[in-house]
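Take a look at this one; I'll ask things after.
Just so it is clear, A, B, C, D, E, F, G, H, I and J label the chains in written order, and each chain counts residues from 1 on its own.
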Amino acid sequence: MSREILETFPNPKPERDYTIEHTTDEFTSVCPKTGQPDFATIVLTYIPDELCVELKSLKLYYFSFRDKGIFYEAVVNQILDDFVAVCSPRWAEVRGMFNIRGGIASEVSAEYVKP
Amino acid sequence: MSREILETFPNPKPERDYTIEHTTDEFTSVCPKTGQPDFATIVLTYIPDELCVELKSLKLYYFSFRDKGIFYEAVVNQILDDFVAVCSPRWAEVRGMFNIRGGIASEVSAEYVKP
Amino acid sequence: MSREILETFPNPKPERDYTIEHTTDEFTSVCPKTGQPDFATIVLTYIPDELCVELKSLKLYYFSFRDKGIFYEAVVNQILDDFVAVCSPRWAEVRGMFNIRGGIASEVSAEYVKP
Amino acid sequence: MSREILETFPNPKPERDYTIEHTTDEFTSVCPKTGQPDFATIVLTYIPDELCVELKSLKLYYFSFRDKGIFYEAVVNQILDDFVAVCSPRWAEVRGMFNIRGGIASEVSAEYVKP
Amino acid sequence: MSREILETFPNPKPERDYTIEHTTDEFTSVCPKTGQPDFATIVLTYIPDELCVELKSLKLYYFSFRDKGIFYEAVVNQILDDFVAVCSPRWAEVRGMFNIRGGIASEVSAEYVKP
Amino acid sequence: MSREILETFPNPKPERDYTIEHTTDEFTSVCPKTGQPDFATIVLTYIPDELCVELKSLKLYYFSFRDKGIFYEAVVNQILDDFVAVCSPRWAEVRGMFNIRGGIASEVSAEYVKP
Amino acid sequence: MSREILETFPNPKPERDYTIEHTTDEFTSVCPKTGQPDFATIVLTYIPDELCVELKSLKLYYFSFRDKGIFYEAVVNQILDDFVAVCSPRWAEVRGMFNIRGGIASEVSAEYVKP
Amino acid sequence: MSREILETFPNPKPERDYTIEHTTDEFTSVCPKTGQPDFATIVLTYIPDELCVELKSLKLYYFSFRDKGIFYEAVVNQILDDFVAVCSPRWAEVRGMFNIRGGIASEVSAEYVKP
Amino acid sequence: MSREILETFPNPKPERDYTIEHTTDEFTSVCPKTGQPDFATIVLTYIPDELCVELKSLKLYYFSFRDKGIFYEAVVNQILDDFVAVCSPRWAEVRGMFNIRGGIASEVSAEYVKP
Amino acid sequence: MSREILETFPNPKPERDYTIEHTTDEFTSVCPKTGQPDFATIVLTYIPDELCVELKSLKLYYFSFRDKGIFYEAVVNQILDDFVAVCSPRWAEVRGMFNIRGGIASEVSAEYVKP
């Protein structure tokens, strides 16, 4: 879950605002309360500035959550914070859709705008 | 149905506006007119301020409607009022999609904005 | 089709703007030209002011169109007019999605805003 | 609902067993108990012998149920009986899928095989 | 959950084998272990002999499970046993599709053939 | 394809802005280049002023394209021009979704606003 | 609609029974009664013997129905007869799913087995 | 992944053959070749003899694969072997639908019949 | 991938702003890192000015990427640049939805507005 | 397209008949007539005997068709022949669902049973 896993490459078209969206339904972490696994679909959308995130490193970054105890709200905010720290995008959004627990499905989403 | 059932935990990222959405298709109450059960999907969406709602307590809160006689419009407004009273969110919305009765499906939705 | 069939009850939360939507796929009337039945899904959405429409009376009101010869455009506008006359909502919309005739499906929708 | 409404035309290929299926989602009759309308999708499938059913007369035949008080089970069996009496098919099946009443959707299906 | 709630009416076409299927997504009972509500879709299919089940009584019969603590496997077998005891069908099947618990959805189905 | 085919009737509610939408998936014309048939779904949406288009004449109007060699872009613009010339609506839009040719599906849409 | 349009090529694997299925949703003919166009999806499935049907010629063959007045039942049986006459398959089936007319959708299917 | 995790309870209706199906989309293991996580939906279906599997223990059993390096084919056969060893069912089937890897989705299914 | 492949024809209705959208799910290029093929759905939407893109040349242009090593972000930006250079539209957008790689699906979209 | 690309590993459970299915929607070859690319979804299903196909080699094998001119019927039969030659399964089936060409979608499927 350490953000050092995330690698970048130079944005091939920095003179244009355009959006990139990466979606995985293979995110899993651990509930800090029960110790049971959580599962989610994570959607990361951003407008790159100087850097784009490298796809394979993003996969490895997501896998780093596999054994970590962390709540839904923290998952989404931490992914956003890590991504912003590493890629410094013009705009970014992270959405996490978490599987049903106790009959309730949950979705958390957070947005970042470059100041 | 008493709002004391709802428990909270501190918002882990209060410096950022972000949204949380909890959806259940396991809501049931009783029609005050006929005494017959009603069934609904309830979607609660909010931007937390200082507090987030604890998921298990939300489940128990919904279950507290199981034997209560209450109309559709009151269900949605009461959930919103209870949630706002307990969590004091920056923004919140409750949508209730009620099963077909007499050939008619009904949806009620209400919104709250912190003054 | 007479609007006297529609019954109301007091809005339980008049201090808040919120929306109510009733959807039926069991609407049928008669084509005034051919005498053949027409079929439609009708969606009624509104923001109540002092009054809400009673669900069973709405069902009976829709059933009152069963033997009436009336064109699509008139169906939707008359439902809106009748509903507004009886419930005096802050806002209302009626959408009618009519089944395929001659290879063409038709949808008519009209909106009312309280002056 | 009288079977005289059904018209036929000669099977253009009686030397071959083949199937014809007509589906309508515009069937409506009246509940004999409550006087309220019922709605159904009706699927008629058959292997013609000497006669095929004429499509427009089938539509009119279905419309003849519009004001008739009749239970689900009787609807399906009567359509099958009427169709068999008029068209004398090698094989036939009628399925009726009736809209939700009291939270329950119902389907009735009956089959005929020429002795 | 008492089978006396189920009412019957004479099969209008006993000389023909045909099938009737009733589906509800409004079944709820209570987990005997946790005391928490369970939710299921129940599909009852049968070939009537002398008797058909009356639809409104079936709804009330399902509602009688609302406060009863009972496991999935027992729900389906008891509905089948009660239905067979009351209606004595030529053939019957009950399927229960239970909502996700602990990340696992469950379906139980049982069949009866008249000896 | 001549616009004289289109017939109108007086708008029954000219004092209100409301929308009418007619959708057909039975539009076919001929590719002027290859002579092969093209197929499309056409959606016509408008806010009537004094006149509404008569449904059967619209069907006949669409059928008048059946043998005409015409490109996608011209189909949509001509339907819009013909419709505006005949019905003089307050607002209108025509969308044509054309079937896959060479692995590519195409959609053309044009809008008219009364000056 | 003449079967001479259909071209063939040698089955590349005649020593094995295998199936080929061609599906088009671009079939249109004319109703002999009303002169109005009919539209259908046609599915042709077969086990080739010595010959396979060439795809482009099949398209042209279907287009040859465009101006022909012919009933649903005749469409399906004629396509099957023409195909069998030209390709002499080990087995073949033609299914035609015709668009809604008078609120009724129709499907006709016929099968051939080499003696 | 040890089969001792699986717990059972007595079949409440051993005199009747009936089926139980448990489906989870939260199965994850590790590819023994790459060390990367695999994800699958697992469907376990069986006819119980004397014993049923307890749902919560099934969940824990699936979670025991989380850190285990194991190929698709071995996953499905081992679940079936473990389940049969513990529950001794009359019949059982395990299906595993594994997420896309290298553009290819894979499904493995194995069946057991009591001798 | 050379933009000379793209051919144009004069916009038949330059006096009106209208949109054209071409969608293909048959785009494939090669990953410059692994040498393995990538697959995408490409949606090109634009408001033509003086020129429209000819459909067959667009197909050939897409096929010119088949053996080219190029990253997702570059694919979308290059298609947009080539299209703008050749057609000089009033507005254009290119969206590329790339198939799952490493459990992650990616979408890139870029927009152009005529200055 | 050479079958030497296919690699195998020993079936981990040869004493049991079970099925394996690999599905890709990333198959592309070239039409020998037009030189234009074809696209298909390929489903390979088999019961292994002594050998299973290695997934990555299957991907590479499919990619070997990328530049090969070959007809639909030959694609499916050759994949089956190559797979049987390399893996010698107890049973195997290959289905190819080819994209729309000239308005017609095509599916070819072939089956092998070990003598």
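Just so we're on the same page, contacts are C-beta pairs under 8 Å (C-beta built on N, C-alpha and C of every residue); 3 or more make two chains touch, one makes a residue touch a chain.
Predicted model, so just to flag it, every value in this text is computed and none were measured.
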Chain B to chain G, fewest steps along touching chains: 2
Selected pair, greater C-beta contact count between C-G and A-H: A-H
Equivalent interface to B-E, taken from G-J, A-H or C-G so that over half of the residue contact pairs match: A-H
Length of the line joining the C-alpha centres of chain F and chain H, rounded to whole Å: 56
Where chain E and chain J are represented by their mean Cα positions, the distance between them in whole Å: 45
CA centroid of chain C to CA centroid of chain F, Å: 28
Residue numbers of chain D (touch at least two other chains): 25-26, 39, 99, 102-103
In contact (per the touch rule at the top): chain pairs: A-B, A-E, A-H, A-I, B-C, B-D, B-E, C-D, C-F, C-G, D-E, D-G, E-H, F-G, F-I, F-J, G-J, H-I, H-J, I-J
Sites on chain C touched by chain G in the complex: 39, 99-100, 103
Interfacial residue positions of chain I with respect to chain A in the complex: 71-74, 76-77, 101-111
Residues of chain I touching chain J in the complex: 25-26, 28, 36-37, 39, 63, 66, 99
Chain B partner contacts - residues on chain C that touch it in the complex: 11-13, 16-26, 48, 52, 55-56, 58-59
